Amino acid sequence: MEVEVSQLVFYLLSFVIIISAIYVVTLRNIFHSALFLILTLFAVAGIYIMLNAEFLAAVQVLIYVGAISILIIFAIMLTSQLANKQIRQSNEQVMIGIFICSGFLLASLGSIANTVWRIVEKPLPENNTLTMGKLLMNEFVLPFEIVSIVLLAALIGAVVLARKEGA
Amino acid sequence: MDHTELTKYILEKFPGKIELLDTGKAEPFFKISADFLLDFCRSIHSDEKLFIDFLCNIGAVDTGKKFEVVYSVASVKNHIRFDFKLEQEYEGAEIDSIQEIWAGANWHEREVWELYGINIRNHGNLTRFLLPDDWNQGFPMRKNWDAPDFVRMPEQ
Amino acid sequence: MNEYAAVLIFLFVGIGVVLFTFFLARLVRPSNPYKAKNQNYECAEPPIGSGWIQFNNRFYIFALIFVVFDVEAIFLFPWAVAFGQLGLYALIEMIIFIVILLFGLFYAWKKGVLKWV
Amino acid sequence: MKKLINGIKNLVIGLLTTGKHLGRHAITIQYPTQKWEMPERSRGIVVLLSDKETGELNCTTCLLCEKACPSSAIKIVYEKDEKGKRHLKDFIVDHGLCCFCGLCEEACNFSAIKLATKYEFSTYTKDDLLWHTNKLQEVGRDVPYEKVERKKPEAKPAAPQPTTATPSKPIAEKQSAKTGEAISPAEPEKNPELGEGAKPQEDK
Amino acid sequence: MLQYLALASILFAIGIFGVLTRRNTIGILMSLELMFNAVNINLVTFNKYIGPDNLTGQIFATFVIVVAAAEAVVGLAIVLLLYRNWRGIEVDRINLMKW
Amino acid sequence: MELANIFKYLYQSLANSGLPQVWVDIIALVAAGLIVFGVLAVIALFLVWWERKVSAHIQQRFGPMRTGWHGVLQTIADAIKLIQKEDITPTNVDRPVFYWAPIIAFVAAFLAYIAIPFGKGLIVSDLNIGILFIIAITTFTIISLLMAGWGSNNKYALLGGMRSAAQVVSYEVPMVVSILPIILFAGTLSMVEIVEAQAKIYQWFIFRVPFGPIAFIIYIIAGTAETNRTPFDLPEAEQELVAGFNVEYSGMKFAMFFLAEFVNMFTVCAIATTLFLGGWQGPFLPSWVWFLGKTLVLVFLLMWFRWTYPRLRVDQLMEFSWKFLVPLSFANLIIAGFMKHSKWFNW
Amino acid sequence: MGLIKKVPVYIEKFPGGGILTTSLDYVLSQSRASSLWYLLFGTACCAIELMATGASRYDFDRLGMIFRASPRQSDLIIAAGTITKKMSPRLRLLYDQMSQPRYVIAMGGCTVKGGPFYYDSYSVEKGIDHIVPVDVYIPGCPPRPESLLEGCLTLQKKIKKEKIADWS
Amino acid sequence: MTASKALRTEEFLVNMGPHHPSTHGVCRFLLTMDGEVVIKAVPYIGYLHRALEKICENRTYPQCLPVLDRFEYCTSMSCEYAFCLAVEKLAGIQAPERAEYLRIIMVELNRIASHLIWFGTTALDLGAITPFLYGFREREDILDLFEMTCGQRLTYNYIRIGGVSRDIPSQFIPKAKEFIDKFPSKIDDYVKLLNENPIWVVRNRNVGILPPELALSYGVSGPVLRGSGVKFDLRKDDPYSIYDRFEFDIPTGKYGDCYDRYLVRMAEMLQSTRIVKQALEQLPEGDIKAKVSPQFKPPKGEVYSRIENSRGEMGIYIQSPGDSKKPLRVKMRGGSYNHLQVMPEIVKGGKIADLVAVMASMDIIMPEVDR
């Protein structure tokens, strides 16, 4: 029973993810796309929880929903002629796009099905936040510090790029 | 400067061009001609002894025969105040704008134009502002103005 | 896992409750739309143009900086939880991490980005 | 730093100020149950006064109030008998026009019209604010007033005194020479018990 | 486990489609975010089913999120700059401008 | 007499009724959701009434008096009236966005209560990432405000939505960083464990000088800003933007925003209670009474702020956060780190 | 129209249905009357008295009346002050944009009939009943705060008598 | 496309008013905005244009007074006062001494009442609600005094040509003294609430700076002009009536920003209490009204008379045809007319919140503009 419910939840989440992801890439109204992106990302957070990655799920919501999507919405406000809904949002490559992505899909699904996975039946560490903290401070300390450099670079870059106007 | 001094000074400064009216009981009241308005304003504004830097009021009057435009001016620095007016015929009434001297004249003049129909030269922004935008019933402050829904106070 | 079932169910309960009140209101409330009523409110004047203005969003730059700091914050959480079991080096690492990012903040500050343009 | 401490201090002072008021008692008058005692001079609503003994209207149809009204809210319908005396047929006050200035009360020489200290007259229709004689009289029935009889002002010539003298004349001197002849309708002797600070000019 | 991988590949494919077909630069960025998420799902899935001893996969996913955030920050700043200079953020127009 | 026992008993009897475990859990959770909703609705109605009373007495008035005893039924009357109000959807709005914005606003506020312990054992689900979950889920409020602003197709609403988004975003950083010292000392993200770490009154995090009070002040300031209350109520600044993001909302949709606003205010205070004031801990009285009491004291503080201070301007608001609160909160975190390391106050 | 408009007709056919509808009517109209949120709308002198009524001495909040800046959320326009011909379309628009049920109080002579500006004024609208349907007229120039409160109580009385079935 | 214009996002137009909570009635601004920044603000007025001047032309002189009351309802006493002074100047009437004192007491009390409205609405506009209520609480006390004397709260019709309509009742003086005594402590409360409040200071300091030259050129007067540092007050510099008998100071500002205007008005309230206090002490016995008939016809002439109102110079221009009991023309000049005119100049480049702050600090009241 337990398994069935989690299966059900998984299918629900994947349904939401796939449908809203398709809306993200096809909707004409870019603001609606952004909202569906948020929905997608939120559902992905649900998937993370199903995979016992609670911390990651919270991070997903915090960063994607709380920060990046707002940035995207702000950028939309700033740049698009929102009132003019008739703007064509997709280019002439629709057929090519369908072709390429279905090709990719076939290839990857095939390889997933054909690969023999060595599944290890073992529970994840209990408190994943604590474990991650320890890992970050020990094994991944260099990437961790590099993250700050990356963020600094992004910050400075963004500031330099976006600042220009008034100065 | 008290009133008599002020009157004397102004009369001497603009001999022949300005006329003292014996109408105001308090401050001096002059009458000038319409084409002298700009020069007059400029010189009273720049004159050291007068230094009229403050425009109190512009009011148009419909006396029933003519239009009068009354200017009340004052000096904040010298604490003096006087009025002057000019007359305009009903037909083709037109006066100069004195915005270049006192920027605050803008709305006063607009009001004169809107309510009395006295044209203002070089005003630059003569658009409706007190009356509704679609007003088409003429100049309501004129004495002979009337409109269908205008109810006069019953005579008592 | 089971703990998080609560989130899902609360989500449904929340949406359901709100929709239910909407439905309840629908039963009682009058509805009489007409053109003037459905016009957008703009201080009792007919609105000028569309409300979907595209405007100079000076908040954008703050959002940019926010994203960076938000990302930083998520690294602080595991650190804070694990700090009790770590040593001084963790503190120093974190201080380096924070200082590097604060440097970015001060850079933006000095560049006048934090000031309203 | 000093600025910061100062700022925090002032924010706290602000909180304390509002907090102080939180402890105080409200000054609200709870209207329908408690009522504010209107001062006697309050100008609430126009009523017609009637004689205390006979219950008849004091109004003599002299039309002074109608003339004095700045917004023409008073309409007096009358008919003249053969002697030329006016008889009141209807006294109409339009409270939709009235500006509650009190000029009618001051103009009246017979204590016939008054702005009573009543104010609760909201209505569902506009026409209900058009009060006729009976309503005006009814509402004014219990209004206290001091009956003051005065001369008919029609007899008095409306002579303005455009004194050409300079206004810098000493005030006291000017006032000493007061003439008791002309009666101003704007006399403030309605409430003699209140105006004891200075008795206004005597009525001859 | 396979279902998660399948979901990730579908999401990735949709992302590819978006990148290819969107004219709007912001749309492309959004599609990129979808692809990042697909990758993350894979990482977390592998973590759970293949290497559950440690949380390496989740750590990597976190780093991916960081990179995605940095990409979004810089990318949107570039979008802003594009918009300022060309009054439009449609990719094909920008391509035209290049030549 | 603990309420938690009653709920446990009810759950047990449900579990013994022979239903499959999954259904028992689902029914229990749905019931919990409805109970939480009921509690929140009552709290919000009470807060609205209380706010009106507090404001009235600060201003030497009485506030609502005529609907029930001292107006206690006032907000209920308001709610019933709002149900009867016509729900206008202007022609030009973006309909789905306009419709869903209030729902998301409410649900985001509602979901946070999964992880807030109302008392000992009175928590829907003690998530192991508790506080992080609350912070994450409440970010949906920003989305709802942006949706409301954008969906209304109204310039005032859009400006209000943008303002509130920018404001919430700016104060998110000091808020998050100000609760990090608590996590640092408690060593956990779970709300229940954080409360348990403050068993004695001297263990309350607010009393751990110096980082505790500073973190508390930063948190309260940021929380005030996050809930859009004076002096940070720019998004709905009546004098500037008429009514901000909810200009176009009427009837039940407006009521949802209104409800969400007060629920959010309560959330912020409840989190502050849990993190800084020892949550439900306290002698003699039942735990939930302590929790409610402490939270209401904080709510009163926010109301007091609201009825005392003027409003900041938007750029000053931003600068205050970025130039003052953010550096301060980071400095506070570093101090707390040193304290934790050197075992001061590590009782 | 609310769906429920037709429901009372059916309910009343059942025994006890009458009581049900009356009590429902009672609750609904009581709550409408006790929670009149007024639109912040004042043009002239009466607006000052409107503010004074909201202030501590008279305290509108006692009657459950608070101001809203947006017409969408308000139930009541207190037309305080002179409405000129330039303003009247705006008043109409504001009224239109309010959500139903909505009420109008004409406060002071100017809104009743033009007041002191009835004669000789070329720009004053002579009574706002030409523009919007008015529920309660309050005489006065300006009316005292008590008059306004009394007007609101009069309006409450009127609302309490309303039935859902005859909503328009 | 490389022009500097291209670097800007689009500007948009927003209506602020005629129904807007902060426009104090029915002023309308058409704002050209760039995000939150006001590029251009165009005031549109006339929503309260009630043709007062036209009405006055068809009323006798005493009948004009109720109309004048509605010219500037926050300080109706001043309007009546200005009109009566003008008529008296025209006809050479001298009001009795006691009347002069009573007039000054009333006008100054009314100035306090008006400033209290300003204080309340300013605080409200900047988001502080409680000071608004406090301001109105004190205002009620003043209104009690007025109602006791002349029977109305707002439109008094008290000051008449040649005097005042009624003498003060006996309780007036003790009550007025009580008010005057306790008022400074109330001001103290306001000061504690706002003056040094850092939020208040940053909202007002360096916002809406009005340089004195610009102010004079636009005919700005009263507290706004004094806030810009020009020490000019008609009560002192062009003394009318008996203002030369009282001792009071003219507070002035330094920078001409909103905060200075705020401080000037706060100080003015205290100065007014000083005047009232002195007037109450010196109040002589005697007549309260010179004899003026209701059918009164002033001689032919014209006069412009001005007084210092709480919103600046209030001037009344009257032209009398000489043979009529009705004026030929009454022109009213209110301070707000010029203040509103100068506003677009000083709000440029500010935020929308600054516009609100400037509007509040200018203390614009629409009937004075529209008439």
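In this document, chain identifiers A, B, C, D, E, F, G and H correspond to the written order of the chains, with residue numbering beginning at 1 in each.
Convention: a residue touches a chain if its C-beta (ideal position, glycine included) is under 8 Å from a C-beta of that chain, and two chains touch if they have at least 3 such contacts.
All of these numbers come straight from a predicted model, not from anything done at the bench.
**Q** Going only through chains that touch each other, what is the minimum step count from chain B to chain G?
**A** Step count on the best path from chain B to chain G: 1.
**Q** Where are there more C-beta contacts: F-H or G-H?
**A** G-H is joined by more C-beta pairs in contact.
**Q** Could you give the separation in Å between the centres of chain A and chain G, each centre being the mean of its C-alpha atoms?
**A** From the centre of chain A to the centre of chain G is 52 Å.
**Q** Averaging only over C-alpha atoms, locate the centres of chain B and chain D and give their separation in whole Å.
**A** Roughly 38 Å, centre to centre.
**Q** Where the centres are mean C-alpha positions, what is the separation of chain B from chain F, in Å?
**A** Between these chains, centre-to-centre, one finds 63 Å.
**Q** Could you give the separation in Å between the centres of chain C and chain F, each centre being the mean of its C-alpha atoms?
**A** 14
**Q** Scan chain B for residues touching two or more other chains and write them down.
**A** 25, 130-132, 140, 152-154, in rising order.
**Q** Spell out, as numbers or ranges, the residues of chain E touching 2 or more other chains.
**A** 62, 65-66, 69-70, 72-73, 76-77, 80, 84
**Q** Give the residues of chain G that touch two or more other chains, as numbers and ranges in rising order.
**A** 2, 28, 40, 56-57, 59, 62, 69-72, 86, 90, 94, 97, 100-101, 116-120, 122-123, 141, 144
**Q** Under the touch definition given earlier, write down the residues of chain C that touch chain E in their complex.
**A** Touch residues, chain C against chain E: 60, 64, 67-68, 70-71, 74-75.
**Q** Of all residues in chain D, which touch chain G in the complex?
**A** 26-32, 35-36, 44-45, 70-72, 94-100, 119-126, 128-129
**Q** Would you tell me which residues of chain E are touching chain C in their complex?
**A** 62, 65-66, 69-70, 72-73, 76-77, 80
**Q** Report the residues of chain A in contact with chain E in the complex, numbered from low to high.
**A** Spelled out, the residues of chain A in touch with chain E are 10, 14, 17-18, 21-22, 24-25, 30, 33-34, 37, 40-41, 44, 47-48, 51-53, 55-56, 59-60, 63-64, 67-68, 71-72, 75-76, 78-80, 88-91, 93-94, 96-98, 100-102, 104-105, 108-109, 112-113, 117-120, 122-125, 128, 131-132, 135-136, 140, 143, 147, 150-151, 153-155, 157-158, 161-162, 164-165.
**Q** Where on chain C does chain A make contact in their complex?
**A** 1, 4, 7-8, 49-50, 52-57, 59-61, 63-68, 70-75, 77-83, 85-86, 89-90, 93, 96-97, 100-101, 103-105, 107-108, 111-113, 117
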